[in-house]
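Here it is: the structure, laid out below.
Chains: A, B, C and D, in written order; residue numbering restarts at 1 for each.
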Amino acid sequence: MSDQTSGIILSSASVRLGGTLVLDTISLHLTEARIGILGRNGSGKTTLLRVIAGLVAPVAGTVRIDGSDPFTERKAALSALGILFQNPDHQILFPTVDEELAFGLVQQGMAQPEAIARARTALEAEGRAHWIKSPVTALSQGQRHYLCLLAVLLMQPRTILLDEPLAGLDLPTQARLARRFAALPQRLVTITHDPASVARADRVIWLEGGKVAADGPPSQVIPAFTAAMARIGERDADADL
Amino acid sequence: MLTLTSEVRIWAHRVPAAVKLALLAVTTTGLFAMSTPAPLAAALLATAALYATGGQRFALSGLRLLRPLWPFIGVVALWHLWTGDLTGGAAIVLRMVCAVAMANFVTMTTQLSDMLAVFQWLARPFQVFGMSPRGLALAVALTIRFIPVMLDRMTQISESWSARSPRRPRWRVLVPATLAALDDADRAAEALRARGGAG
Amino acid sequence: MERNLTHIALFAALIAVLGLVPKIDLAAGVPITAQSLGIMLCGTVLGARRGALAVLLFLALVAVGLPLLSGGRGGLGVFASPSVGYLIGFPVAAFVTGWLMERTTLSVGFAAGLSAVIGGIGVLYVFGIIGMSVMLSKTLPEAAFLGMAFLPGDLLKAVIAGLVTQSLARMRPASLLSRA
Amino acid sequence: MSDQTSGIILSSASVRLGGTLVLDTISLHLTEARIGILGRNGSGKTTLLRVIAGLVAPVAGTVRIDGSDPFTERKAALSALGILFQNPDHQILFPTVDEELAFGLVQQGMAQPEAIARARTALEAEGRAHWIKSPVTALSQGQRHYLCLLAVLLMQPRTILLDEPLAGLDLPTQARLARRFAALPQRLVTITHDPASVARADRVIWLEGGKVAADGPPSQVIPAFTAAMARIGERDADADL
């Protein structure tokens, strides 16, 4: 694969949801190992993730992941991308841990018994073999988050998209998950409204009203973002709150 | 989730689910062909014997499953005492109790996954309507997964109501609850697509 | 495709959750339950096809042994009980309710209430009453007499189905698949 | 009302949910104006809020708000306490802003037209008169949060319970809401897993496994909490994640 087509490429991509233009002619070529997407509530971060993952189609422009269209070429997209949604309860589809873990593998063409066996091996490797038959409702929120991560990792995607991966978790759990993320060999795209959590990324993109407001190394983007947020926070603008 | 499958394992657990279901269909049809109390009583005795082969604990939990039938037996008895048609009444009660007990026996001795497999097989003709067996399996898993999620949501919504009102919310929780179900459905669809879809 | 599937599954779950509202046992062996409201909502919100499939899915789960009918009942036995007519009628009722909902241009709330009365009461009662007459060996008029005990409650449920559907239409018009 | 009975009093209160003891003989007398409740995920913070608000009954011990039992005396509890739940989507019950705001007032005995008028006045005072007929779904998440707060304030409770009030909101919105909270004359009980947001409270209570682990001024409790969390976060304990 040439350098021209590898990575995540958006060319003048726009997304319209329920009549409003949520992403407005975004062009990006993402190849770095650790990418952060910063922005306020409603700035279009989750929508950017969804269009990259091929969950919505752009109304204009194109999206290519390693050369293929994630919306139409689903098989290719599955091995290219995994997503960790913000809320594990929006991601978990099955009543028990083993079914949840096996599902993605079966989707990739593995037979169910083999998929279950692989899920078991993965859990054992993580020291959590006792989870295998647990109902997902018996896991705590942090544990459910972790389960979702395992399910994504099992599918061995080359890139993982994380939507506010640490929101709502307590500090020790945040620390542990952050360490786990840091150790992953995959490319990570992390969405957040908290600049601190992308301070060590290779590249940070600041979204504002569906457009790219800034794009560069964290040392450059984060101070600008923080200053802007502090400025807005001081005002008591009606429209925003 | 809790199922009605008995935790006391007996010989009938080893009989294939399809065989049990086929036998059940035949015997139930047979029951409805009988109209006098004597053969029906014999059938009920046979059913009781079937339960007895599972031991005391099994038989007792089978008896518990018949409890919802009591009011029905009461009303039939009263009705037929009043009309004087006692044999007719006895036949109705015997047939009902026997049919329900036999069906429960199959339920109690069949694993959920085996039962589902038979249903998936039975659902194959529906494929022409675009319902794949795989889709059915997925839908079943999703429903079981979301029942507790939805219950939680309902509790939260009623608490939000109680936090602002001394009265009970009653049916009013249904609006936000249905809305939550619709939103959950959209998000689950997306999560499904993110991992390969329903195809 | 995925959206159809998840909507069907979530509404099957909704019917199951409504089974936790305490039921009232009546002498004829068929309880007064909130689940018939769930049947109506499947039709008014999801429309005919998806609504009926959601109900079928729910019934399949009951049949395979999950205790999802009101009062924690389930298994194959309930299909040999006096309720069987109603149970068979459930998917048909949801279908007719949804079909009417899709076809009328009346205001959402009114259309939903009316569809629920016709599909969720009229059509359902035909099945339910025939079921009771067979299972209880009663004549149809006798069975119909027994079935009338449900009428006040079911009319109330139809009104609720109308109100709920109307509120949904106001809050999230795009979600009302029966009118999409 | 004597000092002995005013405020929030829990005497050896225990709460059991689905078989597990979630709050274990808690005794507290809360009278301060700004109270923070800190703790990890699953430590029982939300359950403490629910038992104080009378939404669940303790299995042992008693709860009294200004002398009355919040579980049985609902009328009294409503004027004593308002709650801002963590997720506004679980709190908003009505399709439009005016209905949502009027609901609590009607429940307190006001006539519907008068309640709607009061809701309108309140929105005007906040410079958001244009919201009055809006469908709630047209509001952003931060705006919905704000709507919930207004709905609670309209009922004029003497104490407001806030469950993770800033979670998931962007920084400017957090700054504005925090200012709004600071200006409220009511007693505030704030639940959080983030020590920074209760640094200026009068009193901080640290919950751990359903028991009070520490109770005192923030200058004392917060450093201990932060240190403990950092210590736990460094370990990679299986059971917790």
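In this text, a contact is a pair of C-beta atoms (placed from the backbone, for glycine too) under 8 Å apart; a residue touches a chain by one contact, two chains touch by 3 or more.
Just so it is clear, the model here is predicted, and its values are computed rather than measured.
Counting C-beta pairs in contact across B-C and across B-D shows that the higher total falls to B-C. One simple way to say how far apart two chains are is to compare their mean CA positions; for chain A and chain D this gives 31 Å. For the pair chain B and chain C, the distance between C-alpha centroids works out to 16 Å.
In terms of their C-alpha centroids, the spacing between chain B and chain D amounts to 42 Å. Multi-chain contact residues of chain B, defined as those touching 2 or more other chains: 1, 138, 142, 144, 149, 175, 184, 188, 190, 192-193, 197.
Shown for chain A are the residues in touch with two or more other chains, of which there are none. Shared interface positions of chain C, i.e. residues touching 2 or more other chains, are given as 167, 171-172. Every pair of chains that touch is listed here: A-B, A-D, B-C, B-D, C-D. Taken in their complex, chain B has these residues touching chain C: 1-5, 24, 28, 65, 68-69, 71-72, 74-76, 88, 91-92, 96, 99-104, 106-108, 110, 112, 115-116, 119, 131, 135-136, 138-140, 142-144, 146-147, 149-151, 154, 171, 174-175, 177-179, 181-182, 184-186, 188-190, 192-193, 197-199. Residue ranges of chain A in contact with chain D, taken from their complex: 39-42, 127-128, 140-143, 146, 164, 167-177, 179, 193-194, 226, 229-230, 232-234, 236, 238, 240-241. Here chain B touches chain A in the complex through residues 1, 138, 141-142, 144-145, 148-149, 184, 187-188, 190-197, going by the rule given at the top. Per the touch definition, chain D reaches chain C in the complex via residues 95-96, 135-137. Within the complex formed with chain B, the residues of chain C that make contact are 1-3, 5-14, 16-17, 20, 25-29, 37, 41, 45, 53, 57-58, 60-61, 63-68, 71, 73-82, 135-137, 160, 163-164, 167-168, 171-172, 175.
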